[in-house]
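Right after this note come the structures.
Next, two complexes with subunit A in common: one pairs it with subunit B, the other with subunit C.
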Partner chain A sequence: MNRYTKKTFVLEIFGILLAIVFLIPFYFVIINSLKSFAEILIDGAAWPKEFLFSNYLKVWEIINFPRAFWNSLIITVLSNIGLVVISSMAAWKLVRTPSKLSKIIFIFFIAAMVIPFQTVMIPLMKIGGILNLTNSIPGLVIMYFGFGVPLSLFLYHGFVKTVPIEIEESARIDGCSQFGVFWRIVFPLLKPITVTVVILNTLWIWNDYLLPLLVLQEKELRTIPLATSSFFAQYTKQWDMGLAALMLGITPVIIFFLFLQKHIIKGIASGSIK
Partner chain B sequence: MNTQLETKSQTNKAIKSVSKRNKTIKNILTYAAFVGPALLFFIVIQIIPFFMGVYYSFTSWNGVSSTAEWVGLANYIKIFKNDPGFVNSFLFTTKFMFAAVIISNFIGFGLALLLNAALKSRNLLRTVFFIPNVIGGLLLGFIWQFIFVKGFASIGKMTDLAFFKLPWLGDENTAFWGIVIVFAWQISGYMMVIYIAALQGVDQNLLEAAKIDGASNWTLLTKIIIPLILPAFTICIFLTISMAFKIFDINISLTNGGPFNSTQSVAINIYQEAFQYNRYGLGTAKSILFFIVVAIFTTVQVLATKKREVEA
Partner chain C sequence: MSKGSYPTKHQRNALILSIIPGLGQLYHKQYLKGISFLVLAASFFIVFRDLLNMGLWGLITLGEKPFRDHSVFLLVEGILALIVVVFGLGFYLFNLRDAYKNGQKRDEGERLSNIKEQYRNLIDNGFPYLIMSPGFLLLVFVVIFPILFVVLLAFTNYDLYHSPPAKLVDWVGFKNFLDIFKIDIWRQTFFSVLGWTLVWTFVATTFQVALGVFLAIIVNQKDVKGKAIIRTVFILPWAVPAFVSILVFAGMFNETFGTINKDIIAFFGIEPIKWMTEPLYTRIALIMIQSWLGFPFIFAMTTGVLQSIPEELYEAATVDGASSFQKFKNITLPLVLFATAPILITQYTFNFNNFNLIYLFNGGGPALPGSNAGGTDILISWIYRLTMTSAQYSKAAAITMLLSLIVISVALWQFKRTKSFQEEDMM
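On to the complex of A and B.
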């Protein structure tokens, strides 16, 4: 249907040039993160005279990168597990119990997607104080449960409708409890949408800045975005170390993306109703 | 097998008639066990704070003292009459939203058309255009702060192009466009993915038939392709409207609202009002106004999408 013509070749060249333009910012960050401060000031575009890895070593210590990485990881993993468990269970039950109540609850979740984070954040900090959720990683994870549940539940709700009910019914007759039916039979069938839910929530929670900023004050609890921003606040315009900090900050998520890009792009496209 | 099932269902029926009441209670409990946790977290984290916010917007709460004095509409009146900072941030955000939505959808749709051609490097290009989207706005803003301050300066020295010699983040006008550029750089790849999915759904036979009838590429695009994928445009435009209107991360790390608060988004304004000046009552009033505007956008989006679905 589509032959490779001269016109396609021209388009191809154009596409590659555009891609290079898209990548230029990364080129600047990488080469300059390996230079001394003086060398950056002389010429920001030039190739480094020699590769200086000392910037990375210094930043690694200053922002305590292993700690920040671990905090980001544990927050993302725990929030994902919780969101998958609570929203898949709720979505399944809501679909399988067709009643007015189920419908109202579902609409209640969806309607709240309209509420922007900024409208909730100020009183939430008061509630967080009362319930002892502030300055603690489990507390932040619980908040992510609350913020993530509408979209996750919405995606599961749509998917459960496509799962045939017959398998569940026969398992019920064989005496399986509802929990048994759900975890042993239904949940494995939900795998494709679970992948989408986990990818969307991971990209959101890993990169999130404002909620951790409000909840986590202690230095030891900082996530990667928090550690990077407090580094920039302290070392303004010290680009040699600043760029190394940025490289450290973006590398994990870029590796995550390159490994799972097919799933991620598919998940992003199907989750775009948000 | 069949007889076994029958006997089982018969016993089931017998049990049902004996303890129907117990069964109902059990059903209610299971329902609660499945739906309850999601509902509980959602209500505690989002719904209760939302209604508290509505209440606090009528008070002079400062976040510290345990009592919040009822002040009626005073906060709202103050915002409209006596808060040029908020009005400016609203104007900036609206202006930014228009520019950002048009540019990122234009680029995103263009990239999708390009990658819809039979290019050999298609998958690689798609990956490249999408990469900025997986990096958080905060880090992106810092990266581009360097590009605007140092990177553009060195390109300007090399090429002598006036574009790269502008005082980008130091001037109100160019700082505005700086944020638009970074937003478009982050979001275009995302829009591209949605547009590609829509383009792949277009019936090739239809295009072939039109080509045989002598339709030019431009006619194909404007008369067939775009009308067919209008739902994708609705999704993308409203997604970008909502993202642009809520902009915070990129804004705070790229310009931090400067120069002279000229690029301060509504989200930053609310954040500062509450957490830097400790005027929680005023902050919540602003956040309620913010909610109303976002809610209007989103409702229009849902209605528009619904209408299209009926037509299609």
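On to the complex of A and C.
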């Protein structure tokens, strides 16, 4: 039985063509990041006359790339650790203590998930200023805790339900403390959903632009997205530098992405279907 | 058993004594608990007295003397005081309930728990809530606090002409809401922005969802070769931060040097299109860009779902003589839509508030004559414009509330559906 029919072939060609169309923006970014500004203006689509790798070197210096990379990294890592610890424990106990209060608290978290960030951002900045959370990395991380907890908790909540309670009970009888039960027995069982939570939060926080823009003004504290956007001011857009900065900025994410692609697809599906 | 049928009246006595927290517990001879309640209550008043005093006064008056009283800070303090009061009341109710319950126990002749048991109880019952409290407190300060602030702001006259510290802000009741619907320029702008917001939400989201689902189904056909590579390419746009892609597109759509006008359209012999200055074309461009930005997520999700559909379903259908289109229509599509429906709806709410794209692509522009909103402003970017460029804080807050109303009702409807989905248990 020959299953490779004409129809599949047509579909395949169609898929490849579409894929190429979708890659066009990447092509523009890469080739133009290697041109001089004048050359970009003359013809954006043409192959560069000579490859100006110096763009990258200049950008590396101007935005202090290692610094920005470090800032992004520390913010993403700290936020992830905090979110996993806070929301996994909370979700576990919310599921295990089925009371009215637990239900109300859970609804509170869910309701917060549907409130668009943009509606709270301006008052948040006012309050953040008063509480001294602005212009500091710990302040930003605390805000990520607040914004990230609802979704993470929601995902954990769905997953904890599938973990059998009997193991916990027998461990308790054997004299294990509550914390011990959680960290030694429950948390390892939550690993699949932890992977999903970490991937989703990492993609969100690493690429986030608006919240860091509002919170971090000092040049020393800039994350990669902020540093990149500094080349794209309202009226003066330095395309040559800016595109090189973009390339530098997205390379780590793309590597992260390619490595974890399988987990991402699985994670998204399992997170959304629940 | 009716009340008062006991020889003792511990229940009533304890409840009355507990009007001062702790006394009821002392009455029950639970000394440690009683004293700690007393200390807690006392310290609550000592620590928060000033805040409560100042905050509640500020919340009611919003300040009396310009320069000395900063209305907005007073508002913030007032909200803080309100939150503290709510927590305080919670504790107070708990204290009353505890005294009452224990009184009931004594009336019924039961023994009360001793210190050791109380400690165990506290650890066992309190521990879950202790663990939840960090997440909950953060939520209160990062999300709930700002929401209260917006809600209250919508009922004030805070704008350019009433801005502290030189001027005081006042409560004006529903005036902002009435103005939006009564004053012509506000009403026209509001409804034209709302109209475009709805069109935008519906068209852009449907486009991206259809594209994502369609491509996922094509790529996941069993016989297609090079699936892994095609799949990677399709997910790639997701890896790039949205604001980066938007800026790149803004460059590509640039009217003078952008590739789209210069190369692609010129190739077909079409005149350059005014992507950035003609509202209609800006809107078309925005919808195309959102399709590119938004479909990878749908694509990834649908791919995940497709991989979890059991092969037997298709085999059984083949045995029954179903054509491939029938298989698609009766197996694939229903299962995909069924599994992803809740998330699909969140895509609509996301686009409804897609500030980044509208703002970064063309700043909500092009500007429209005689309107304080740009030609492609959706509600959320209009609110931003009102706040940031024309300092219409209270109007912006009122519009924020209207917007939240829409989003929240859609979300509630969605959650109701999600629940009914779970019960049917199709997969």
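What to note about this one:
Keep this in mind: the second predicted complex is superposed on the first by the 263 of 274 C-alpha atoms of A that agree within 3 Å, B and C clash if a C-alpha of one lies under 4 Å from a C-alpha of the other, contacts with A are read in each partner's own complex, and residues count from 1 in each chain.
Rule of thumb we're sticking to: a residue touches a chain if its C-beta (ideal position, glycine included) is under 8 Å from a C-beta of that chain, and two chains touch if they have at least 3 such contacts.
Because the structure is a prediction, the values reported are computed rather than measured.
Applying the stated clash criterion after superposition on subunit A shows that subunit B and subunit C collide. In the superposition on chain A, A:147 makes contact with both subunit B and subunit C. In the overlay built on the shared chain, the residue A:104 is in contact with neither subunit B nor subunit C. Applying the stated contact rule after C-alpha superposition, one finds that A:38 touches neither subunit B nor subunit C. Look at A:249: by the touch rule set out above, it reaches both subunit B and subunit C.
In the superposed model, A:173 lies in contact with subunit B only, and not with subunit C.
When the two structures are aligned on the shared chain, A:214 is found in touch with subunit B, with no touch to subunit C.
Where the contact sets of subunit A with subunit B and with subunit C meet, they give residues 3-4, 8, 11-12, 14-16, 18-19, 22-23, 25-26, 28-29, 40, 43-45, 86-87, 89-90, 92-94, 97, 105, 109, 112, 114-124, 126-127, 131, 142-143, 145-147, 149-150, 153, 178, 203, 206-210, 225, 228-229, 232, 239, 242-243, 246, 249-250, 253-254, 256-258, 261, 264-265, 268-269, 272-273. Of all residues in subunit A, those touching subunit C in their complex are 3-5, 8, 11-12, 14-16, 18-19, 22-23, 25-26, 28-29, 40-41, 43-45, 86-87, 89-90, 92-94, 96-97, 101-102, 105, 108-112, 114-124, 126-127, 130-131, 142-143, 145-147, 149-150, 153, 178, 203, 206-210, 225, 228-229, 232, 234, 237, 239, 242-243, 246, 249-250, 253-254, 256-258, 261, 264-266, 268-270, 272-273. Listed in rising order, the residues of subunit B touching subunit A in the complex are 5, 8-9, 12, 30-31, 34-35, 37-39, 41-42, 44-50, 52-53, 56, 63, 111, 114-115, 117-121, 124-139, 142-144, 146-147, 150-151, 153-155, 157-158, 185, 190, 193-194, 196-197, 204, 208, 235, 239, 246, 248-249, 252-253, 266-267, 270-271, 274-275, 280, 283-284, 287-288, 290-291, 294-295, 298-299. Here subunit A touches subunit B in the complex through residues 1-4, 8, 11-12, 14-16, 18-19, 22-26, 28-29, 32, 40, 43-46, 85-87, 89-90, 92-94, 97, 105, 109, 112-127, 131, 142-143, 145-147, 149-150, 153, 173, 178, 182, 203, 206-210, 214, 225, 228-229, 232, 239, 242-243, 246, 249-250, 253-254, 256-258, 261, 264-265, 268-269, 272-274, going by the rule given at the top. On subunit C, the positions that touch subunit A within their shared complex are 72-73, 76, 123, 127-129, 131-132, 134-136, 138-139, 141-147, 149-150, 153, 215, 218-219, 221-226, 230-245, 247-249, 251-252, 257-259, 262-263, 292, 297, 300-301, 303-305, 307-308, 339-340, 342-343, 349, 352-353, 355-356, 363, 380, 383-384, 387, 396, 400, 403-404, 407-408, 411, 415, 427.
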